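One structure is given below, encoded as structure tokens.
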């Protein structure tokens, strides 16, 4: 591979991959908390709608969803998405559905006594969620979130099938230019592995910090991580 | 146990029934508590004492009947009215239930700030005073997990008082503590009972403590008040066979 | 405790040391057991009794020293030699460790069939005999989870005996049992001790049982044998202060 | 984003940039070994759009079958990727008059062991054929009597080359120039002599041209004016020649003619 | 829905069924491969250090990199190594390999949940390693393993469309081909999207029921 291919394609591709990961993760986090919290709501209708969302988006394939957003939406609704945003939307919505299950599980794992203490101090339901339940549930969420983040990183490679010039698509173009498949795909796999490794390390640090915030010193319990 | 409202009546249960499935825990219960009184609930395990406190704290709903606090109706009532009435009630739990994600000071200031809208400085001032009262002036910045059970319970008492409730509900607040830590917590409560005019509704197995602080003792059995009166009367000269039996077992 | 090999010596530890991190659990331990003897290991918790049995059973390796069983060397040795020596040793665990996915009969026949290559019929015949011996002739087809702890432990004894080991290791085999089930298991073991010539190495807190069946008692402390002798001597007239102290606490 | 409307040429002029959809395929629009965009379509677009008052061409690679949807959903303003002009496509997009005419060619193993020189040969030899996703060659193969199910579809001609080299398929059908370009580095495969596919008993000569959105007739017409001038002056051939085009590939066919078949 | 065309749906259905068949074929073979290969990894995790370490590295690597890139890698690289495999075979191998790193973890968790005493009892009875694994440990681990494996089969189903990237004619590729031909995108893609939900949702209900029954 020539320097030109690296500077024009591979390195910008890595940058796109990182951006995609960050944007989709941000959207997925919003969806995960929104839907996850809605699943603990006292209203049955809200709970049902949230559960319905989760089932639909966990049921379908992220790639099919991505194609649908990109190819079908413009025809049906008259507005088009840049491939990058179609991808972010597809990844964010479907990984958000998985994340919602994590949020729900972590909220349910906070002891009910904490909620009762909140009621006894006359906090509103939203104050209880924000001040008491979430701060205690978040550290629990981090190891499973880490796994989802790695899945999401891998999922960003799907955008190459929409022609977004991420790492995989750059690899594809470089392959067309050089016809050196082994080198380029080996390098690409290593790039993803390194990004995943860095993300996992970062999440471990985050886990230790948030656990320290509620008075748990990690270590013996071990960081869940990807293993 | 009178059924007609009297002017300085703070808490009133009218024909309250609570069931769990087939199990009728409270059975058409009627009783009232006067403002400023310290009332102790005693009775065998499973007789429904905790249930009464939890109903008052709106942690559960009765199946029938009316509960009034300070003239306001708790049940049946809308969410908003309930919240207003609830502000007058504080509760201390058997398991302390401090918030592990906040330090001691914030445990105490959080509710006055968020619920009563008290400015931060004032809330902190007040919290420091209360933490002095319970003997923890040196622990403001510590996380609850680093405290002993007795210290945690004293923080929980300060936290409940910080809301300046008219009524303080106490549910076996010493029974999760190691024996050597019990005295410290009871001393704090005696102090509060003596120095404030707060109404206290207290479930306890510490009969000496009950005798010390109570104006009235209510003896429960099977979801009904079977006997009530001054501690002297109840402890020295109980009327009911069941009360005698119970006191024989616990004293 | 002699250091020179004698002809009918079955088990021999020579300068065996075992450490867990900084914790030296066995410290240059030497002892031997004669063929056919019933030896009981006693000593305070953490003194290394279980460790000795687990070393013999090759569930762990010593850091230093030599362990011999029936002339064959267990450590240091190759995987194949170890396997040969191990066939002569049976073990019964505190937690029974029956295979929950096999019925009682198969628990007992599995090893003879798979390890000794015994034909199915013969293994079943033998297993039935052993299950008779432990008083479970009516439970052949039952899964272990449907048995009481005492019954499970008796199956575990039958399972260990089915391999016709020369040595039977028993590690507090009654301590996970409800008190009323202990006697049944000990009776079975007494029976075996009386009617077979199997060598037994037994860790127990049941001093009466130890007195009944032992030819020798070894008193352990801090990874060393501090005293050994006949049960009469050890229980009635211990030499060491430490032994007296220990027996004073457990008897 | 909402689909913009109004006069596209005016919008492009004011933006100063036109987005060109390409398929990464040599010799039309691809990246060279230094990572830079090049190709017949890219170079031609640069010249013509400059004359139309749009100084910058921004090529945007995607896979072939996403080109038309991408054009329709405003990912690109214009597409050029060795795309043949045919009836189905004319219903979706507006084509400029073709800048070249083109025959098909097969990528086959060295020496063409099965003697495959036309779609008919493939049918007779029962050979395994492959082509690219969305390629017109699919229809030619079907027209020759190959069941649609038996045609292997690859994302791009390099994948096709690999498949031929490894014996996964016997031929990969593409445009003559693509096949010629792709096999250049290969020691195991070669391109057959260009031939005209037969459809409904007629030999079919294809022409490839720039594609515009259906609403952009004015832009297309302006583009046509320029390309006609360049055909006359011979400038077009000078631009295309370095990419392997020969005089034989120059054409006077119009998009209108090609849209009918 | 301004231009939904039912005739496009009808036109697509025949090829859709072909695609569904391929999808299911990939799913079944890929699952079997991942189940057996995962077991090999899981046993490797418990092996001596010189086995455990490379097995860990390889599985971590495969699990942390995208299946799509792995598909390209195998599709373009296997032939260079002299392995002649069709797209379908390559795709099935790649997806099976990728998911084997997940099933390996399922096995590991299931095996770790078997009490240590079971291993010790097997050693005490001198049972050979193969019997210990297949007669003692795995039968006990299986009740945790089966539902978790089922969930990964569902995930695998949702990843089969990736195989379109190397030209496997599964549902999504069929939809794309149909669209490229007719220029009608909405209908085929919507059919495929709904098909996924219709297969995946009941399947996940089934798995949850199974989980409730087996894991107590």
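Read from first to last, the chains carry the letters A, B, C, D and E; within each, the first residue is number 1.
Here, a residue touches a chain if its C-beta (ideal position, glycine included) is under 8 Å from a C-beta of that chain, and two chains touch if they have at least 3 such contacts.
By chain, UniProt protein names: A = Ectoine/hydroxyectoine ABC transporter permease subunit EhuC; B, C = Ectoine/hydroxyectoine ABC transporter ATP-binding protein EhuA; E = Ectoine/hydroxyectoine ABC transporter permease subunit EhuD.
Just so it is clear, the model here is predicted, and its values are computed rather than measured.
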Neighbouring chains common to subunit A and subunit E, by label: D
Chains in simultaneous contact with subunit A and subunit D: E
Centroid comparison with subunit A (C-alpha atoms), farthest chain: C
Relative orientation of copies subunit B and subunit C, as a Cα rotation angle in degrees, nearest 5: 175
Centroid-based (C-alpha) most distant chain relative to subunit B: D
Chain pair bearing the highest count of C-beta contacts: A-E
Averaged-CA centre spacing for the pair subunit D and subunit B, given as whole angstrom: 83
Whole-Å gap separating subunit C and subunit E, where each centre is the average of the chain's CA atoms: 47
Centroid distance [mean C-alpha coordinates] between subunit B and subunit A, Å: 45
Distance between chain centroids, defined by C-alpha means - subunit B, subunit E (Å): 57
Junction residues of subunit C, two or more chains touched: none
In subunit D, residues with contacts to at least two other chains: 69, 155, 162
Per-residue multi-chain contacts in subunit A, two or more chains: 71, 78, 161, 172, 175, 181
Category of the chain touch graph - line, ring, star, complete, other: other
Contacting chain pairs - touch in the sense defined above: A-B, A-D, A-E, C-E, D-E
Complex contacts: residues of subunit B adjacent to subunit A: 57-59, 83, 86-87, 89-91, 93, 95, 97-102, 110-111, 114-115, 143-146, 159-160, 163
Residues of subunit E that touch subunit A when the two form their complex: 1-4, 60-61, 63-70, 72-73, 76-77, 80, 105, 157-162, 164-165, 172, 175-176, 179, 185-186, 189-190, 192-193, 196-197, 200-201, 204
Complex contact set, residues of subunit A against subunit D: 2, 4-9, 70-71, 74, 78-83, 161-163, 165, 169, 172-179, 181
Subunit A - residues contacting subunit B, complex: 113-114, 116-117, 119-124, 127, 131-132, 135-136, 213-216
Touching residues on subunit D, where the partner in the complex is subunit E: 65, 68-69, 88, 91-92, 130, 133-134, 138, 149, 152-155, 159, 162-163, 165-168
